[in-house]
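Next come the structures, one after another.
Each of the two complexes below includes subunit A, the first together with subunit B, the second together with subunit C.
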Partner chain A sequence: MTTPLLEVKQLKKYFPQLGGVTGRKVLSEVKAVDGVSFTVNRGETLGIVGESGCGKSTMGRTILKLLEPTSGEIFFDGNDITNLSPKEMIKYRKDMQIIFQDPFASLNPRMKVFQIIEEPLINFGVKDKESRKRRVIEVAEQVGLTQAQLNRLPHEFSGGQRQRIGIARALISKPKFIIADEPVSALDVSIQSQVLNLMRDLQKEYDLTYLFISHDLSVIKHFCDRIGVMYLGKMVELTDKNSLYTNPLHPYAQSLLSSLPKSHPDEKKERIVLTGDVPSPSNPPTGCTFHPRCFSCMEVCKNVEPAFIEVEKDHFTSCHLYPNSAELQNKSIEKESVVHV
Partner chain B sequence: MSEQAILQVDELKVGVIDGKKKTPIVNGVSFDLKEGETLGIVGESGCGKSMTSLSLMGLLPKGIDYLDGHIHLGELNLESFSKRNWRDIRGKKMSMIFQEPMSSLNPVYPIRKQVREMILSHEKVSQKEADARTLEMLKLVGIPRPDEVMDNYPHQLSGGMRQRVMIALALVNDPQILIADEPTTALDVTIQAQILELMQSLQKRLQMSIILITHDLGVVAEICDRVVVMYAGEIIEEATTKMLFDEPLHPYTKGLLSSLPSIHEEKEYLSSIPGTVPPPGSIVQGCRFKERCPFAHDRCSKDPEMFAHLNGSKVRCWLYGEEETS
Partner chain C sequence: MFAYILRRLLHMIFVIFFISLLVFFSIRLTGDPAAVMFGAGEPTAEAIEALNERLGLNEPLYVQYGLFLKGMLMFDFGESFRSGASVATMIFERAGATLALALGGLVVAMLIAFPVGILSAVYRGKFIDFFGRIFSLIGISFPNFWLGIMLILIFSVTLGWLPASGYDGFSSLILPSVTLGLILSGILARLIRSSMLEVLNQQYISTARSKGIKEWKVVIKHAFRNALLPTVTFLGLQLGALLGGTVIIEQVFAWPGIGRLIVDAINQRDYPVIQGGVIFLAMIMVLVNLLVDISYSFIDPRIKAGKAGG
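Moving on, here comes the complex of A and B:
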């Protein structure tokens, strides 16, 4: 097997909370991303889903080194990029780009669309003006912007069109890998589907690998091949989309899926309504961080942090309910035999 | 649920008044709200759904005013109300909750004081009694440790808790109508499920009608009895929730429903509606959707009416016009 395009090992990003008389004392740390490991294979789309504050966006930014990781390792295309300086990162930036959530805040309001899309090329050292221009026009066409629109300013565009500009800017350097951080959540449904279709077309054309961050379970299901579920800075489940939606293992993933709104008024739904709120990441609960809200909490969950293990083939979770894969197999055999009887 | 309408909106027009120029944002909207029902108003951003809801509460922003039409609440004609009249209605007969609970609560007062103010502005009761009612209300909306939360400030509460406080605040005077403008949009799915469940159980208990403004068809499927779909300032379809999902009529509604990604189906591409919503104030002759409509026809350059369809829905589209004439 070829090496995965991206490999993340035990990635951590802590934000210190400063205080004290001088304002330099570290009072506590917000554990935004706390030991996440996964790989992204070439050409696939890995979805990251979780509620607000679970650290999914911070993780995306840390992988691109827009934020300095606290510890852990990031391998891109086989190279360790964890400790590279911003200058050394430039040559990798060409290959790894990001699309942001808010198409209103992520475009410079004083730059014309042409300049916005062109800027990365200048940064990556494309000196020839003519070839830059050709490339901008080509990309603009691919994302559905006309040449005339390139001379306008961002405020003249609707949300969906601005997101197209953001996508064009990410694509201009022909990257291999794009992190899409909630690319459609600021858009209306009819526009959302246009943008998702565009992103899929571009994936084929550019042979792209996506890390798709979203809180919307139905968008994630539609767009991604494999999905990771995050809770309080940790990955609690990681598997391909069909096993996640038909057989979620972690109680948090189960309740998250059950709280999806119905797609039809007649649909019957067994809903697991979680009690309480997400705890603060500056003071996470001991043991399994989900235990105060968990409906199958055991004594062990309160003290011991569960390991992130493969309980079925390519199906990872961190929960004490699944101590190891051998037992689970026994369980499923039992289940089957019950069915046969 | 009884068939009696407690709120009737009749050909309501709301718009920007700029000197002599009047630009309608809500253009001739009519609907009824029946006792005990949940009516959904669905549409994308800029379709006028929020302006419709604000006009029902007399909360139109500066520069935007009623142009035409009527809002009847029983005997009352709301569109001609003075500030004083509105103050008697708001919070007492009709209440509203908003999308962002943080910006609709006062950050410098504890919860106790904010709910108390709401009670005292409509009734003459002692502070002690008001506090007792506040506590009871906070319990009703499912706030844990209500006696502690009473003395908390809004920033000490989570998003879901704040929305619960907003609901308590809105319902403390036992209104007949609750208008909820995107009440769960700012919340996470697990919290959204909690809040929707709460709204449903409170509706049964307190016998009120709800108008729910949302862009999320999933939320509609979840709690609405009836739905009106808005597009570019007009109602283009009115149906029971079941009919809307089983047999959507207007091409826009169909497009909207099929552009939703579904958990149950696997497809590579989503269907989508080409183009974008015409901006308010742009002069569109005839049907406002015709530029984006796959079935556009010559007759679409004339304004369609709301046609009644056999399945009980009403739809503003010429495709369904023949049934009446022929």
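Moving on, here comes the complex of A and C:
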């Protein structure tokens, strides 16, 4: 088995809330990402879904080391990049890129589109001006921008076009891995599918691996191979698309999916409506962080944090409703012995 | 662009006109120049009458104002009551000194405030930031005349390196410029720090980092250039204010600038000099403002002069 392109182990990102007289005392910590582990295989698209504030975007940025992780490990292409300095990261940035959520805020308003797209090439050591220009024009055409548009400024473009610029910028260095941080949520629905289709075409062309962050279940379903569900800084369920949409295990995932509009009027629809608000990530509930809102809450949930375990094959979840890892191990041994006999 | 500048110049005419009204009538509320000019002793009524006649102060006010306006069109502000010299000439003789001091102060302020403000923002919450903020606060809190006197004591009296006062070549410009610049750099550094902090939080800074750009390049090329706009506005307005508002510094360093000219003239009720000086400063202020507005379109290509704001 080849190494996965990206492996994240127990990744944590806490934001200290400073206060006190000197402003250096840590009053509390916002646990934006709190012990997330997963892998992304080459060529696949892993979707990360969760409501706003659950730490999806923070996680994306921490993986790219745009934010320093608090603890945990990040392996990219088999290399541990967790503790690399910004300088050492530069050589990896060529291979791991990001498409940002807000196409209006993510482009420097004072640079021409050409400069925006070209700049990574300069930094990654393409010295020849002519070959840089050729590459910029090539990428621009791939994302559907004309040569004439390259001399304009970002504010002259619509949201969809600006996102195309963002995609071109991310692609220019021919990366292996792209984190798409809600790439279409700022766009009109009609433009969303255009951009998604573009991203899919580019995936084939560039042999890309995506980590696709979104709060939109329909978009995730359309676009991803495997899906991770996040709640309050933790991954609560991780599995392939079909198992998640047909057989969600975690109560949070179940309630999320029940909010999906059904396309057929006769289709049975049971809406699970959660009560209460998402608790503050600076003071998460004890035990399972979901227990105050959970419709299957048990006594154990209030005190013991459930482990993130493989309940079915390639289907991970962290919930006390499912047998604990010890039992699970026994089960799999039984299965194996059956096979042997 | 051309139409915009023309429109702004038209604006300027109105502004200057209203200022001329204000200056002309308000100084005439302050007392009789003839009485002041005689100073000590008791002048006879005839002597005062004769003086008023000579200075043209016996004419009705509207006639005096009309003559003043007429002269102004040709940049002729009349002659000083006291010395009899042409006011326009007096102003131009002093404009150089004022401009040198204002620019000197700005240059010193920028040399100090740019690095302090940028470093403060980049190392927010760290020691450098703490130092930078303390520095800004000190700069803002110092009375500038006190700082000027201290600098004179240290560098002129004790060390003897620089001239204490006067307007005589580059070396005499250093102390007043540094005094002015230090005070100004406090506010400027704060402004740069806060606008840098705002820009550094923008998403395109993350974009720049993800491009693999060296951090200092992110700060200068992507962040600082975008943070420059409020700074330029401030500097422009300051330049205008410095041209007329450095009276105290001019006093401390015996600097022959326009500010001192006007203050002396007010004390002596030297109407033409006051009027000419104030009008001149107002014109400079309006022009500097116009230049700042035009410069926006160079700094920020999104702003096309005349389209935004107007």
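Annotations for the structure displayed:
Here, the second predicted complex is superposed on the first by the 315 of 341 C-alpha atoms of A that agree within 3 Å, B and C clash if a C-alpha of one lies under 4 Å from a C-alpha of the other, contacts with A are read in each partner's own complex, and residues count from 1 in each chain.
Here is the rule we use: contacts are C-beta pairs under 8 Å (C-beta built on N, C-alpha and C of every residue); 3 or more make two chains touch, one makes a residue touch a chain.
No experiment lies behind these values; they were computed from the predicted model shown.
With the C-alpha superposition on subunit A as described, subunit C and subunit B fit side by side in the combined arrangement. Shared-chain residue A:273: touches subunit B; no touch with subunit C.
Angle at subunit A (Cα centre) between the Cα centres of subunit B and subunit C in the superposed arrangement: 70°, in steps of 10.
In the superposed pair of complexes, A:246 makes contact with neither subunit B nor subunit C. In the superposed model, A:86 lies in contact with subunit C only, and not with subunit B. Contact with subunit C, but none with subunit B, is seen for A:61 once the two complexes are overlaid on the shared chain. With chain A used as the common frame, subunit B approaches subunit C to a shortest CA-CA distance of 14 Å. In the superposition on chain A, none of the residues of subunit A is touched both by subunit B in one structure and by subunit C in the other.
Across the interface of their complex, subunit B is touched by residues 51-52, 158-161, 188-194, 196-197, 200, 215, 217-219, 221-223, 245, 255-256, 259-267, 271, 273-274, 276-278 of subunit A.
The residues of subunit A lying in touch with subunit C in their complex are 18, 23-24, 61, 64, 66, 86-87, 89-91, 93-94, 97-98, 100-102, 105-110, 119-120, 123-124, 153, 155, 166, 169-170, 173. Contacts from subunit B toward subunit A in the complex involve residues 44-45, 144, 158, 160-161, 188-194, 196-197, 215-219, 221-222, 241-242, 245, 255-256, 259-264, 267-274, 276. Note for the complex: subunit C touches subunit A at residues 125, 202-204, 206-215, 222, 225-226, 300-302.
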